[in-house]
Structure formats: C-alpha cells, structure tokens
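We call the chains A, B, C, D and E, going by the order they appear; numbering starts again at 1 in every chain.
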Amino acid sequence: ADEVTLQLKWVTQAQFGGYYVALEKGYYEEADLDVTIKPGGPDVAPVQVLLGGGADVMVDWMPSALAARENGAPVVNIAQPFKKSGMMLTCLKESGITGPDDFPNKTLGVWFYGNEYPFLSWMGKLGIPTDGSEGGVTVLKQGFNVDPLLQKQAACISTMTYNEYWQVIDAGISPEDLVTFKYEDQGVATLEDGLYVLEESLTDEAFKDKMARFVKASMEGWKYAAEHPEEAAEIVLEYDETGAQTMTHQVRMMTEVAKLIEGTEGALDVGDYERTVASLLSGGSDPVITKEPVGAYTLDITDAALK
Amino acid sequence: MKKPVIDAQAVDLTFQTGDGPVHALKDVNLQINKGDFVSFIGPSGCGKTTFLRCIAGLETPTGGKLTVNGISPEEARKSRAYGYVFQAAGLYPWRTIAGNIKLPLEIMEFPKADQEKRVEKVLELVDLKGFGKKYPWQLSGGMQQRASIARALAFDAEILLMDEPFGALDEIVRDKLNEEVLRLWAATNKTIGFVTHSIPEAVYLSTKIVVMSPRPGRITDVIDSPLPKERPLEIRDTPEFIEIAHRVRDGLRAGHDL
Amino acid sequence: MNKIVPVLTVLAVLIVIWYAAAVKMNSTWTFDQAERAGTEVSFSELVTDTMSQTRPLLPAPHQIATELWKTTVEKKITSKRSMIYQGSITLKTTLLGFGFGIVIGIALATVIVLSRVGRLTLMPWAIISQTIPIVALAPIIVVLSNAAGTGTLMVPKAIIAAYLSFYPVLVSMVKGLSSPDQMQLDLLKTYGASQRDVFWKLRLPSSMPYFFASLKVSVAAAFVGAVVAELSTSAIAGLGARMLIGSQFGEPMIMWAALFAAAILAAILIFLVGGFEKLARYMMGGRAV
Amino acid sequence: MKTDSTFEKLAWPVGFGLLVLVLWEIGVRVFGISPAILPAPSAILAAMAGSLPILWEDWVQTVVKGALNGLWMGSLAALVVALVIDRFDFLKRGLMPVANFFAALPIVGLAPIMVMWFGFDWQSKAAVVAVMVFFPMLVNILGGLAAVDPMQRDLMRTYGASHVQTLRKLRGPAALPFVFNGLKIATSLALIGAIVAEYFGSPIRGMGFRITTEMGRLATDMVWAEIVVSAVTGTALYGLVAGIEKRVTFWHPSQRGS
Amino acid sequence: MKKPVIDAQAVDLTFQTGDGPVHALKDVNLQINKGDFVSFIGPSGCGKTTFLRCIAGLETPTGGKLTVNGISPEEARKSRAYGYVFQAAGLYPWRTIAGNIKLPLEIMEFPKADQEKRVEKVLELVDLKGFGKKYPWQLSGGMQQRASIARALAFDAEILLMDEPFGALDEIVRDKLNEEVLRLWAATNKTIGFVTHSIPEAVYLSTKIVVMSPRPGRITDVIDSPLPKERPLEIRDTPEFIEIAHRVRDGLRAGHDL
C-alpha cells in the first residue's frame, strides 16, 4: 500500500471527521493507501510540517495557505471538502453592537497563527484599522476558548459555527443575548478546510495518482460522516488520544460541519476560489496577499478522483 | 567565704537523640569564684562544650542546680553577663572587624558615640589597632581570633567563656595569644571559663584546672594551680609547671579508654 | 511524625479559603444569570450554585476531587479517559527527557571540568541556553524532528524536556567533578595515577552526592518540559494535552483535574527520585539519615 | 592552574558563538534549507534591523510589564511569606510540605486560568510569573535563613538578641547568597512564564504573541529575532543579578575566589 | 659517609601569584639519610608543606638541586617511592577502609590476591584488624588517621611523607598515635618526613628536627636529637627532652615576627 501522511490543522475533533471515518471504515485501505493522520496543535504549523517533509498533504484554510504561498512556501490546493465557511464573530448584545458600524472602539477577539487573515481582510474591507489607531478596533489575541466573551474582556470573539459558538451557548448564554456575524453573510467568506500539497510533488504522476485515491476515499469518508454524525463522532473519540473530548461536543460539531460540506464532491469551485482571492487582495492598505496567485490550485486530482 | 559566681550542684544533662539518650553531663559539682581563670580539659565528647553552654544558658540541665550570681543562667544571659568566644572566630564576613565588634553593641543598643569608643578601646586591647576597616578574610587566623575576643570584651560582660578559642591556630601564635589572654585577664579581672585540649595551655593559663572524662561526662579532678599570677612563657619549663602538667595528664589518661 | 497535625491544619485552612474564594469568584456569574432571568438569589442558593457550576472561575475543591476520582478510580487504566493513562504518557516523555538530560548534563560537565577551553566556551552558553524560552523553539524542534524523520512526537517532546532538565545536572556535576581538592588530587599523583584513574576513581565518585542532589530539580524540570511540550506542540495525548483540550472546550474541571494530576505525579516523581537518592547514598557508604 | 583573563573569558564563548553562526549560515545556504523552516543568521539579523520598533514594543509588553512586574511581585510575596513562616515553627512544619507540593506543579498550566482571572493584558502574565517565581524564591529564602551556622546563632543568643535583631544582623545577610541563587532561577522562569502565558490570550503585541503569529505566517526570521531578543534579555537579567550579587555578597567565598 | 636518600642543595621556590611573587623556599639545604625520622616545624606559611611537596615531586623548585636516591623527585614519584599522608585523613567516604587501602594498589595494578594480603597486613600494622569492612565515618578520627597511614604503607613506598597528620586530633589520641608511628618506624625502618606544629611531637618523634621560618621560607636550625630510638611517652618529662624542646622553641621564636 502507498503511504500517505495527513497533517491536520488542529487537534483531533469532528472538524476532521471525514478523514477519521475513512481511516476507520477502511476506505483508505480499499484505495490501497496506508494513511497516517497527524493531529495539529497550538505550536504546529501545517505548512512547516509539509515543507519539512513530515507530511504529504495537509488540511489548511485557504487564506493561510495563499499567504504561505506568497511567502515562499509553494503549496497547492488539490481539493476543497469544505464549501462554506463556518467562521463568525459572536458578540454580546449588552456590548451594544448591532452591526459592523458599531465595531470601532470595541475589543474583538481574533485567532492568530494563520487564522487571522479572514478577519483582517474583512476589517480591511470595512476600512476599520486593527493596529490600535484612532477609530479602529482593539484586537485581542484569543486563546483557545471563549472565556474572553464570558469574562466580558471582549465585546465579540471569533467562533466557528461548529464549535465555539456552542460553547458560548453551553456556558449559559442564550442565543437571544448574542449577536452573530457570519462571514458568509457579510460577503467576506473565505474558503476553509482544504487539502494542500507541495507544488513540486505534483510533478510526480505516481504521487498525483496516490492523492487522487486519497481524495476520493476521504470524500467517501466525509459523505458517510455527514450521514452518520453519531457514529462519526464516536470514531473521532476513538482516535482522540487525550480522552478529554466528549460525545456531546463532537456530535454537535459533526452535525454542524456536515452543513459546511453540503453540496460539494470535494472539487474546488473556481468561483469560490476567485471570491476568496479577491477578498484577500482587497484588504485596504494591508491586504493579506499582494498579487494574484498563480497555480495555487489544481483540479487534476479531483478530476481524476471523481470521474 | 564569698559566694561563688558560678555554682553548679549535681548538674546532669541527658540529650535525647535518635539513637537513644546521651548522658553528656553526670553529677557535675563546681564552684567558680569571681576572678577565677578555670580551664576545662578532657578528651573529645566529655562534655566540656556542653557544660560551658549550660553556664551560658544555651543549654538547660536536665537535673541538678546551676546558678550564676545567684540567678539562673537564662536570666544572666538576658542581662548580658556573658562574653562567649567559639573555637572558630566566627566573624561575620560581611562586616569589617570594627563592624563585627560593634555587633553586640548595636544589639544591646549602646549609644553610637560610645560604640566607636569601645571598638577603639578593645581593638587596642587585643593589639589590632588600625585593622578596624579590614574584612575578616583579610586577616590571618590568629588576628581573626583576637578580633573575636575583642568582640566578646566590647560590652564589659562579667564572665568570659571561651570554647577552644585557639584550637585552630599554630603553636607559636597560640603562645602569643595565651600571653595576651593572661594580660587581659589581669587587666580586667574577669571570671574566665576556658576549654582546651592542650595540657600546657591549661596549666599555663589557669588558676583552676577541671579535668573531665566521657561516657558519661563528669569531672574527674579539679586542680588548683599554685602558679603565681605573673607568668612568663618560660614558666612552662619550671618543675612546678611540669608537676601540674603531669597531674593533669595522669587525670586525663585515667579517664581515657581509647 | 510531628508534621501531620500542622500540615492538616494548613490544608484545612487552605480549603476553607478556597471555598470562600470559589463562592466569591463564581458569584458574579450567578448574579449575571439571575439578572438575565430576572430573578433574585438568596445566600443559600448562591452557595449551592457557586459550588456546582460547570464552568466556574474557580471550581470548588470537591468538584476537582470528584473529577479526579472519576478519571482515575472509575476508569480502566488502559482507557484514554483515565488520568492514570494520560499521566503515564507524560511520565514516559518525562523519563525519556530526564534520561537525555542526565546524559547530556554529565557529558558536558565532563568536558567542562577536564578542559579549560571547554569550560570557557561551553559554560556561558549553557547559561544562555536556559534564558531562551524553550516554548519559542518548540515549533522549530517539531519541524526539525519531523524533517529528520522521527515519526512520533515523542522525540521532540523529550528534547524539550531534556533541554530543561540537563542544566541542573550540568551545574551540579561541574561542581561535583571539581569538588576534589588539591590534596586529594595530589594524593593520587603520589601514586603515579593517570588522568583516567583520577577521573574514575576520584572525580566521578566524589561528584555523586552533587549528582543525586541535582536529580530532584532535574526531574521536576523535565516534567515541566514534558507538560509544556504536550501543551504547546502536540495536543495529542498526555496531561498537558488534556489541559489544552479542557481549556479549548470550556471544561475547567478537566483542566483543573489535569493540573492536580500533574502536581501529584510530579510529587510522586520527586519522592521516588528522593528515595533513589537515599538508596544510592547508602550504597555508596553514606551514613543513614 | 592558569587563571583566566577577561579577554579569554569573552573571546572563547564569543568565538564559539560566531563559529556556530557561520556554520549555520553555510549549512542553510549549502543545503538550501527553506527559510520557512530555518532562516539564516543573516536573515534573522536583517529582520531584527528592519523591525526594531516592533521588537521594542513586544519587549516592553512582555519583559517590562509581564516578566519584571511578576518577578518583583512574586519575589516580594515569597519574602513576606518566608518571614512569616520562619517566625512560626508550626507554619513552617505545616506549610513547607504543602509549598513543596505546589512547587512541583507545572505552573505554566495555570496560564489559561490566570488569563481567565486577570484578563488578557499584562496583568495575567505578571500573575503567572509571580506564581512561577514564588516557590523557588520561597524555598531559597527559607533555605538561606536556615543556613546559618548554629554557632553564629548561639552567639546572638549570648547577646540576648531578639528575633528581629537576629534576623536583621545575622540571618538576613547570611541568606543573601541563597536569595541570589533563587533570583537567578527566577529570572529565566519569568521569561518563560510571560511568553507562554501569551499563548492563552494577549493583546496584539508581546514576544509570545509575535512568536506564535509570525510562526503561523512562516516568518521564521521574525520568530528567531524574538528568540534572540529573549536570549539577550535573559542573559542580561542573569548578568545583572550576578553583578548585584557580586557587589552585595562580596564577602562570600564564592565571590572572593580566583 | 653513605649517600643521603634526599639531598636538597640551595633549593629555591617562588610562586607567581596574582599579588606578585611569593618566595616560599629560599636556599634550602638538607640531607636526609635512609631511616631518618625528620620533623619539620615552623610557623604557618614558612614553607613546610611546600618543601614536602617538592620532595614528593608535586612541586618543582625554581632553583637549586633536589634529588631523591640520586634521581629527580618527579622520577621517584613515577616509580612510586612515596607514601604521602595529609593532615585530614582524606579517606574516600564511598569506599570501605579496606577499599581505601586498596586504592593505591589498584592504581599500581597489583595482582588481586596480593592486594587482599597487603590490606590485611597493613591493617594489622596500624592496629585496625577487623575494621576493613567499615566505612570511614564509622571510625573515630584517630582510627581514620591510622587508616590513612595504612594506605600510605600498603605499597611499600620507601619514603613516608606526613603533613601534619595529627593536627586535627586531640592530645590524648595524638599521644597514642605518636607512639604507634614510632613503633611503625622501628618495624619498617622507613625514611620519614613529618610536618608538625607541635614542639613536643617533633621532639618526641624525630632523629632530626628542621626548624623553619617564613618570609622567605628557609631553614633556621637543624637539630639532631640525642634521644635513644626507644622512647616511652614518659621521656617527655626528662631533662634532655625539655632541653631539646627549649632549643626548638628558641629557634621558632627567633624566626617568628608576629
């Protein structure tokens, strides 16, 4: 069997359910693949792992991948399982925020480590400075949880529809007390979890074939996971080595993630890609990327996989 | 007869240790009069240090009665009756010689001006004039030991207790210091308790030599010296001296079971 | 034991303070919730509520104890949900890093003591090495060991643990290996002993008390390194990873329990190393204490 | 043994450092290592030169506000607690085992909790640092206070000195070398603590913030620039503590040697 | 006349130190014959240790000529001509008494069986039979010192050098060991160099007493003892003894400028 190592962008959770299902259900095996899944973590940059030869393929968000590409790390999108963006900004109603116009002079929680680009690009579009200057927002580097909102250290924090949002709810704050801004709704959605490989490895036909099989099997996994969220969550728990994840969280995450992969077979929609690029290029004075990327994606793999 | 300054009656002291009780002092009877120079001699572990510490109120006898000027050693200590000199000079390395001598004066809250005067006086007394600004480690061992004696003299304690003060010094320096201690004793007329391992030193210095013996620590002999108060070093070659030394050695040998 | 009563007293006082603090700190939330619901809270309601929140600012001691109980006694040791299992992973990293640390520490100390150039060159860098926050290097270590082809994260984690734990050993061994005084060195010289004899028969044995004394500090450092490594480089498994997941999913109890499990494990480790130290001293002719 | 000249003390380590840098530079160039994995020293230097204002801002945030504030708070708290514990034997026996338990706690694990309690700005970093340095300082101060030679303590007793007097004149100064030892450990802990705490939430400045963020952007030259700043800071702090130690404990044999 | 074992002619030694040169030995002339028991006495810093170290080839004179059996001390050392005993017993705490005595034998690669035999023999010689399996701390100071002498005797060194071997012991134990050293000397007929601070010890033990004086270190007197080889402890009260002691003391006093 061909060996494939997949580097995830974060810890084992239902966000990556499709891959775990594919692994557990033997889809990879059927495709003659021997797949290893490496979870990520706070100090793991997937692109670096890829560059260092620690993985063949990674899950990353497109803004971060394109920024990396511009910084000299030639990664190429070979598939896009997540069609929709799950990112939003969740605000406490009591902070007085009703729309983006209210953002100035508020403190907003943002994820960094490559996750900050959608936010920066949105703010760029709104023309709101993020560097602490007059009339801008105070940006807070959000940790790994929703505490800043609960402790009222921030008016709004970044959340994912499939994860942090529900933690806010779980913490006892009712949806009516919240105001949420989905990046999708604000017209600033950027593509999230996609599969990326190094450009040079694509010159190898055998590798491309391997990836085609990998993408195909992964998408089967996603399909199954979307249809069986409970079972998928169980599988994820199976693979979670910390033993700290809980069924409630993972089932809900799986259910929400299923909404994001609806309507795609895994092929990158060039329209979505162009929208993302345009959004990243247009970030006012400080765009995430400065020039139109070339060769940042290939449809060859999905074409081969899904025919 | 006048009342003794230090009066020990059937003093007993047992230490409770991990390995069981250690009988450090057993039935110790001793009277020391004002102006006496008493040496304690005996093999290691016979309780010399322990007895000196009892006198100073640093250790409490478990039996018998010990009074200093009629009061308890504890009270006498609080009233600052003692100057204590240890085997090692034990000067504070972070203080100058003058600073070290000033230490007890500061604690006893002597007026500042008086402190200076006293430091000068005792430095002169121990022949260390001009060394006040030096740090202890800049002085030789003998000089350090003299400084520590000066420290014990600075506040006019009535009783001077010295626990092997010259044990670490070489014989020549020791001779010098012995002469000096005698001179000091004559000049101040203090009551002195002095622990030593050296027979000549004990005989040379004392008006009374207490020979002790271990397991349990007890007094085996008390020798009153017939030597005159005036003692040149050469006295050590006189028959009287050798005679007393002989008696001390016999006393020691008898109590020694090595 | 004349310690038990004072320790219990102090613990009791601490627990009382803790409960009071828990009521105080968690009350904000209770009042907020009541306000949102438009109700009043009585004092007894306040106390019960602050003792039983799922996301308290400060969990009550019994909440942590319950969580610890659930994740140790009530779980099979082989279960990933068992704190003992997770602890064993951290323990493995710690011991591996500790082992590396000891070897590196002794090796460097030997070079430093035996060679003047080694001492002049390496000693300052050993000190500087400890001023670099290892967490900053963590991602680089992960990538480099990935590049070097070590599949698991065990190696980078152990490297981080070793990085923190070699230093106490190094410092103590430098002291220990140079502890023989001139007299002892000269004694061997009068026997016409070689440098090798001097090292094996004098320097190394004299350094042992220093070595053992450094082990407790060193194992504690390795443990901190292991937890930090799990927390930052690879939230895959171990107590550090549990703390992270606990934090991410807003499960303070998981986090606190992991923290306490870590402290208990560290205490056990230090106790064991201390016991080993005593044993080794005894074997080397030391006085029983 | 040959004594080391100041020149040699500098030349060897600096030379060694330069050698490593040169090999590093050559290695990166020859093997064509991607800058995203390991930048060349020249690139790091360039990044440093090009972002001095950012580095300065981060340094102020993390070192001055986070680490140093935490350092003095933690040390002061340790001092106060040590003095209280030392005064009451009951506390010493009761608190020390508990303190040792907490000292074993991997305190970085407290970082998310401190961020939750004290907010995302420097206060929570200072809190983490304070807790982190508290225990090593406490243990060292108590160790230092206990490290006094029993003879020295007895000397103070013969003066009838009070607890406070003994503390000020004897045990305090005698504990200083231990305190500095603790401070040396504490400085490097302070930096680690302040930086790690920023992982769990921070304003958009600070060395820990920059390191993670730039790492995510593959700007490793900037990451290394921060590492260099932190190493230089740590070394300078260590040097500062060692320098003060040399002045304050000039009397200690370890400072007098060579 | 037979050739001396140790022959020092105009030996000079200057240490280069940070504070300038220290003239430790100046123009030292001395012949020691086979079977001599030579004591070196003199105040601290007069170069006793330094001279002994020169003899043992541990220090190289900067001037003059020093031979041992006609060859250089360095060579004699390599051929294992010396047994050296220091002031402190300096036994390895991690080895038993037997293990300590075996140390030089291991280094000199004596056959295993021979090692055991020699250990037994010297243990008997110093009256420590049955203590081989004990650790040093389980023995008294005097016994430790005897063990260290046994260690120096184990490999049949021709010359025994002892640097204040009994300085740390009390007088009674010292007397015992002095007797024992004399017995050993008579039994083995070794050539012995012995440094001491004690006049009675020097006179009691030696066939030749070398009086030294400091700044610069030099020999001021060499006294050949008329005492018989057979010396009971009581000999110390004889007029001859006192006479020699007197001469030594005068020699010392003359060179002493304290």
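Please note the rule applied: a contact is a pair of C-beta atoms (placed from the backbone, for glycine too) under 8 Å apart; a residue touches a chain by one contact, two chains touch by 3 or more.
Note that the structure is predicted; figures quoted are calculated from it, not measured.
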Separation of subunit A from subunit E in touching-chain steps, minimised, is 2
Intersection of contact sets, subunit A vs subunit D, gives C
Taking each chain's centre as the mean of its CA atoms, the one lying farthest from the centre of subunit E is chain A
Sorted by contact pairs, first entry is C-D
Between subunit B and subunit C, the Cα-mean centres are separated in Å by 52
Dist(centroid_CA(subunit A), centroid_CA(subunit C)) in Å evaluates to 34
Chain centres from averaged Cα atoms put subunit B and subunit D apart, in whole Å, by 48
Between subunit A and subunit B, the Cα-mean centres are separated in Å by 84
Flagged in subunit E as touching 2+ other chains are none
Listed in rising order, subunit D residues that touch 2 or more other chains are 37, 112, 116, 199-200, 215
Touching two or more other chains in subunit A are residues 42-43, 45, 48, 51-52, 143-145, 147
Listing every touching pair of chains gives A-C, A-D, B-D, B-E, C-D, C-E
Subunit D partner, complex, touching residues on subunit B are 53, 56-58, 77-80, 82-84, 86, 88, 90, 92-94, 103-104, 106-108, 135, 137, 155
Contacts from subunit D onto subunit B in the complex sit at residues 149, 151-152, 154-161, 165, 169-170, 173, 249, 251-253, 256
Listed in rising order, the residues of subunit A that touch subunit D in the complex are 42-43, 45, 47-48, 51-52, 64, 67-68, 71-73, 112-116, 130, 132, 138-145, 147-148, 151, 153
Listed in rising order, subunit E residues that touch subunit B in their complex are 43-44, 141-142, 170-173, 176, 197-199, 237, 242, 246, 252-253, 256, 258
So, in the complex, the side of subunit D touching subunit C is made of residues 2, 4, 8-9, 12-13, 15-17, 37-38, 90-91, 93-95, 97-98, 100-110, 112-113, 116-117, 187-188, 191-192, 195-196, 199-200, 207-208, 211, 215, 220, 223, 226-227, 230-231, 233-235, 237-238
